[in-house]
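Two complexes are shown next, each including subunit A; its partner changes from subunit B in the first to subunit C in the second.
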Partner chain A sequence: MKEPNIVLEARDLNVDFHNPDRTVKIVNNVSFSIARGETLGIVGESGCGKSMTSLAVMGLVPKPGKATGQVLLEGTDLLGLPGKELRKIRGNRISMIFQEPMTSLNPVFTVGDQLMEVFRLHQNASKAEAREKAIEALRMVNIAMPEQRFGEYPHQLSGGMRQRVMIAMALSCDPQVLIADEPTTALDVTIQAQILELMKDLKERLGTAIMLITHDLGVVSQVCSRVVILYCGQVIEEAPVEEIFGDPLHPYTRGLLRSLPAIGRREKLYVIPGSVPGARDFPTGCVFHPRCERACGRCREEAPPFFDRGGGHRCKCWLYDTGEGGLTHG
Partner chain B sequence: MDDRQKKVLLRVRGLKKWFPIHRGITSRVAGYVKAVDDVSYDVYQGETLGLVGESGCGKTTLARTSLRLLEPTAGEIQFDGQDFRALGRRELRQARKNMQIVFQDPFGSLHPKMKIGRIIEEPLIISGVKDKAARRKRVEELIVRAGLKTEHLDRYPHEFSGGQRQRVVIARALATNPKLIICDEPVSALDVSVRSQILNLLEELQESLGLTYLFISHDLSVVEHICDRVAVMYLGQMVELGTREQIYGGMLHPYTKALLSAIPLAGGEKRERIALEGDIPSPAKPPEGCRFHTRCPYVAEVCKTVPPFEDAGEGHRVACHRWRELAGTK
Partner chain C sequence: MLNYTVRRLISSIPVLLIVAVMVFTLIHMIPGNPAAVMLGSDATQEEVDALTQKLGLDQPVPTQLVRWFGGMLRGDMGDSIYYDRPVTQVLSERLEPTFLIVAYAILVALAIGVPLGVLAAVNHNGLLDKLCMILSMVGISCPAFWLGLNLVILFAVQRNIFPSVGYLPLAEGGLLSALYYITLPSFALGLQRSASIARVTRSSMLDVLNNDYVRTARAKGLGEFRVIAKHTLKNAMNPILTQVGMSLAQLVGGAVVIETIFNIPGLGLLAFDSLKRRDYPMIQGHILFVALAYILINLVIDLLYKVFDPRVDYH
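Now for the complex of A and B:
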C-alpha cells in the first residue's frame, strides 16, 4: 500500500493522559495516510478522539497528555522533533483551521496584521512584501475589497468571512498538509457550501492534502475521497468514500448511516442503542460490542484486528474474519 | 396525520418585533433591528410546523414573540381561540400551562444544583398543583414516558449524557399537559446516533398525546423528517410556507431552492449547487423591496418593490414576484 506521493502518515499514534491515579487512552493505535491533493475525512461522534488525533499530528496535545507513535511528514517524524524545529514546520508546511472562526483570530489585531505575521515569521518577508502577500492571500479566498478588509478587525467580519481569513492564513505558506477541524460546523448551510467549495477549489489549485475532521457525514460525502471512521479512539473502518456510503461494513458505520434522516425517506429512524462511552470507561474487547446488535462472545473478550476487504477498504470487526487472520496493523 | 382536523391552535397575524438600537449617552433610539417584521401564520392542532432559516433570520424571536415570551411590537395572536395579547399577567401565567419550550442546549437549560425530580416537578408547583404526593406520582409517570427510569429522579444533571438531559427537558415540558411545544433546535447539540433517539421520542409523544409542535431548526433534513408543514424565514420575514411535499417537492422561492441545494447529502450524488453570493444582510438595515434581492440569482427590476406573501395554490404561500416564471426552473 506504499504510494509514492504520500505526504502525511500516522503510524500507531497513541495519545495518553496520565493522571495520578490512572492513565486514560484517548487515541489508540491510529494509523492513516494522506496523499498529495487528497482529502481524507476523519469522522466520529463527540468524544471519539478525532480532535485529539489532529492535535497530535500538529504536536499540540495539551498537558498532561502525551502522544506516542509516529507522525511522518514526508518522512520526517514530527513527534520526535524539538519544539524549535517543530515551530518552523507548523504554520508553514502543515497548518490547521479550527471550528470557531470567532475565537481563533485575535480580536485586538487587524486581519492584515495577523496575516502579515505569517509571512514575516516563516518567509522573512519585509513589511511591504508581507503586506502585498497578505492582500494577495485575501484575494485568493475570494474576499471582496481585500485592501479594505486588510485594515479591519475580526469583529467587523461575518462568520463566513472570518473562516475565509483563517483559510487564507493557513494556506499562505503553501503547506503540504492542511488540517481542518470541523471548519464549517459553526456556519450556516449556504455559507458552509461556499467554504467547502473554496476548500475544494484551493486543493485542486495548490495540491494541498487536506485532513478534514467532522461529524457531518453529508460534508464528508461531498468533499472527501477517503474516510476513516473513529470510535472510542480507534479506527474501526477505513474506505474510499463511495464504499463507506455504498457498502459500509462495520455495524457502527451502518448504524450511523441508518440513523440519518434523509430527504425523501420518511420512516422511523434507526437508533443505535446506548450512548458513546466516556474515555475513562472504554469497553474491553471490541469497543463497540455493548451497543452492537451482532455482538457475540468473541467480541466481548478479544479486540478484533483489521480485516482487509480489498480496494483500500478495511474494517475492525469479527464478522469479517475469514479465518486467515487479520492485518496486524494498518 | 391524514385525519387531522384543521383546527387552528395558534393564529398569528401581522406580528412584529422590533428591537430598538440605542446610541449615545442619552440612549436615544437610533433605529430598530426588525427581528420579526410582519409575519402571519397558523399552527394547526396536532401538526408539526417547521421553522427553518439561517442564523439571525428571526426563527427563535418569532416563536418567542408568538407566545409573548417577548412582548410583540405589533400584531394579533390567538391561542386556542383566545385573544392572547389581551391577557393580563396572571391570566397569562395560567395560559402558559398550555405551552412549553424545549431548548437547544440541554446543558444550559437544567439547573446544575437541582435534582432531576425537582426539575421536572417545578412547572407543576408553578401551575399550582398543591398535593405533594400527586406531584411525585406525575413526575414518576413523566420520566418513564421520556424513556428514563424512576431511580434517575434523585440524580443531578451532570450525571447524564446530552441525550438523556434532553429527555429530562422533554419530560419537564410535558409536565403541565401542554397543547403546544416549541422545540427550539432540540437536536442540534446532539450526536447523530443520539439525535435519532430524541426525534423518535418526539414523534411517539406527539402520537400518544396529540401534541402540536413548532419545530425550529436549521437542519433541513431533520425538518423534512419530522414536520408536516414547513415555513422558511429570511431576514425576519416568511418567504415560503407549505406542506412538506410542497416545499421539498416543488419549492417556489429562490431562497428555499438555494437553501435546499446547499445541504450536503450523505451518500447522495454530488449535486449542482445554487451558490449564494455573500452573507445575510444586517436586520438593522434590511434591503429595500424584496429582502432577498441582494443575493438572489434571479433578481429583476420588479424586485425593488416588496413582494406579497401570496397563495400559490392549496395553501402553499410564497413571497416572490417571479415565482410563476421560475416555477419550471430547478
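Now for the complex of A and C:
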C-alpha cells in the first residue's frame, strides 16, 4: 500500500561497521516514510543510531561503515546511485542541518561564500546571481542586515544566527526533504523556540518534508506530526504524535515520557534503569529487555516483531502480541 | 595589523643586539693576535700592525664594542679583508642566487610535500598513506649534499639536461636561465624539505578532515576534490605555514653546503670561502645577515596566518 505522496522512504536500512575482528550493526532494519510537507520525528537517547540513520539517508556514512537496504527519494534508490548522481541530489533535493552550528560552518570562508557555493553548484548560477540568491536566502531566515552578514565569517555570528545560516543553506535549493539532526540541542531555550518557529514557518511556505532527529520530546510535541522511536538501532515504536503522548505503548517510550520534567511537579524524576548498551553488545531477544520492568522469558530469547495497533501505530513489544502474529515487514 | 608589525620589529631589536654581541666576541675568541691569524703565516709585521689598527684591535674592548655598535647602526659592518671592500656591499652582491635558490627550493618543497601529505591523509592508513610516509621518511633522512651529488650524476653527467655547476646572474641571462642554473641545487634542497612538509600536511589534514564543516561541505553535494582542496586544505594551512617558516630558515643555512657543491656564487659559498680565508669581518656580516633573515621570515609567516584563518587576531 504505497501512498502517493510519500517523498522519502527508508526500507530495511542497515548500517554496519566492518572491523577486521567483527561487524558491528549500528542501524538494524530501520524502515520509515515521510510524506510531502510532513514532519517526522526520530527520537531516541544518545547512541541509539539516530544520527547514523540520517547520515545513511544522505549517503554520508563515515568509513568503514556501510549502509545497505533502500532509501527511496520519490522512488529513486539513493543507496544504489553512483557518487556523481548522488552529489546532484545532496544539498539540492535533500539537505541536512546539523547539531552543532558552532562547528558546522567552515571558519575560514565567509557566510556568503558558503551560501553561494550551493547556488553555483546546483543551479549553475553566475557569481552575481548566486550573491543575490544568497542574500535573499539570509533574508528568508530572518537575518537582519543580510548584505552585511554576507561578508562576515562564522565566528562573528552568534550560535542562533549560525543555525539560521545553516537552515538558509539547506533550504536554498527548495529540497523535498530536510534532515535536521538535533538542530536546537546546542542552542539557548529562547533561540531554540525561534529556530523551531522558523523551521515550521518555512516548511509551510516551501512544503518541505522534515525529518527531525532529536532526543527532546518537548521539541517533538511542538513540530512533529509523526514519531519514530529508535532504540539500539531499531525502530521500536511508530505512531502519530498525539498517540505517542496520549497512549504510548512500548515500555521504553513510556519510560522516556515519564522521565520528562513537568513544570510545577516537584517529585523525583523517573529514570529508566541502566543505560543504552554500546553497539558492540546489543542484547539478544528484545533489545530493551535488560532495562525493561515488564520483561518476561520470551523477551530474553525472541526479538518481537511489529504489532499493529491501527491508525498508523505500531510497536515492537511482546506485551501487544494478540496471538495473530506480528507484521512480517520491519 | 600595522601596529602589530611595528611592535614585532621593535621587539626583535634585543634579539639582534644579543646576536651582535655574540658575533663581536667571535673575533676575540681567536687565540693569539687575530690580525696575524687572518693574514696567514707569510704576512709581514707591518701588515699585521696595519690590520690590527684598521680593525681597532689595539683599542680597549669597551671602545671596540661601542665602535662596533656605532658602525652597525650606520649599516657599516667593516671591510672584508679578502675583498678589501665594505662587507655589506659584498653581501648584497651575493644575495641574488641565494634568494632565488631558497625561493625555488621552498616552491619545490610545497609542490611535492603538500599533495603527498594530502594524498596520505585522504587515504589514511591505506596503502598510499604508508607509501607516502615511507617516502617522506627516506626524504628526511637524505642529506641535501648527497641528494645534490646524485642529481648531478643523473641529470648533468648521465643525461646532459641541467648544468652541474655555476650560475648566470639575472642581469646577464634573465630569470629563466638563472632558474635553469639553480634547478638541481634547488631540487636537492627542496626535496629534503618536502618530506617534512608532507608529514605536517598529513597530520594537519587528518585533524581537519574530522571536522563538522567538512561533513557540511559533503552534505551540500560538493565533489570530493572541492571538499579537500577548498574546505579542508585552507583550514589545514597554518601548521604547514609554520613548517614553511622553519624550512626557509633552514634553507638559508642549507645553502652553504649546496652552493659549495654546485659552485654558485651566493651567500652560502661566500660564507664557506670566508671561513677558509679567515675573513672574519665577512663571517660576522654573514651571521648577522642570517639572523636578520630569520627574524624577518618569522614575522612574515606570523602575518600570513591571518590570510588563511580570519579568526587570527593580532593583539
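Quick notes
Just so it is clear, the second predicted complex is superposed on the first by the 328 of 330 C-alpha atoms of A that agree within 3 Å, B and C clash if a C-alpha of one lies under 4 Å from a C-alpha of the other, contacts with A are read in each partner's own complex, and residues count from 1 in each chain.
Criterion: contacts are C-beta pairs under 8 Å (C-beta built on N, C-alpha and C of every residue); 3 or more make two chains touch, one makes a residue touch a chain.
Bear in mind that the values here come from a model prediction, so they are computed numbers and not experimental data.
In the superposition on chain A, contact of A:Met58 is made with subunit C only, not with subunit B.
Shared-chain residue A:Ala262: touches subunit B; no touch with subunit C.
When the two complexes are overlaid on their common chain A, residue A:Thr190 makes contact with subunit B while staying clear of subunit C. In the superposition on chain A, contact of A:Ser221 is made with subunit B only, not with subunit C. A count of residues in subunit A touched by subunit B and by subunit C gives the higher number to B.
By the document's definition of touching, of the two partners only subunit B reaches A:Ser158; subunit C does not.
When the shared chain is aligned, subunit C comes close enough to touch A:Gly91, but subunit B does not. By the document's definition of touching, neither partner reaches A:Cys296: not subunit B, not subunit C.
Note: no residue of subunit A belongs to the subunit B contact set and to the subunit C contact set alike, using the contact criterion stated above. Residues 45-46, 158, 160-161, 188-194, 196-197, 215-223, 245-246, 255-257, 259-264, 266, 268-272, 275-276 of subunit A touch subunit B in their complex.
Per the touch definition, subunit C reaches subunit A in the complex via residues 211-213, 215-224, 230-231, 234-235, 308-311. Of all residues in subunit A, only 58, 60, 83, 87-92, 95-96, 98, 100, 103-109, 117-118, 121-122, 153, 155, 166, 169 touch subunit C in the complex they form. Residues 54-55, 161, 163-164, 191-197, 199-200, 203, 218, 220-222, 224-226, 248, 258-268, 270, 273, 275-276, 279-280 of subunit B are the ones touching subunit A in the complex.
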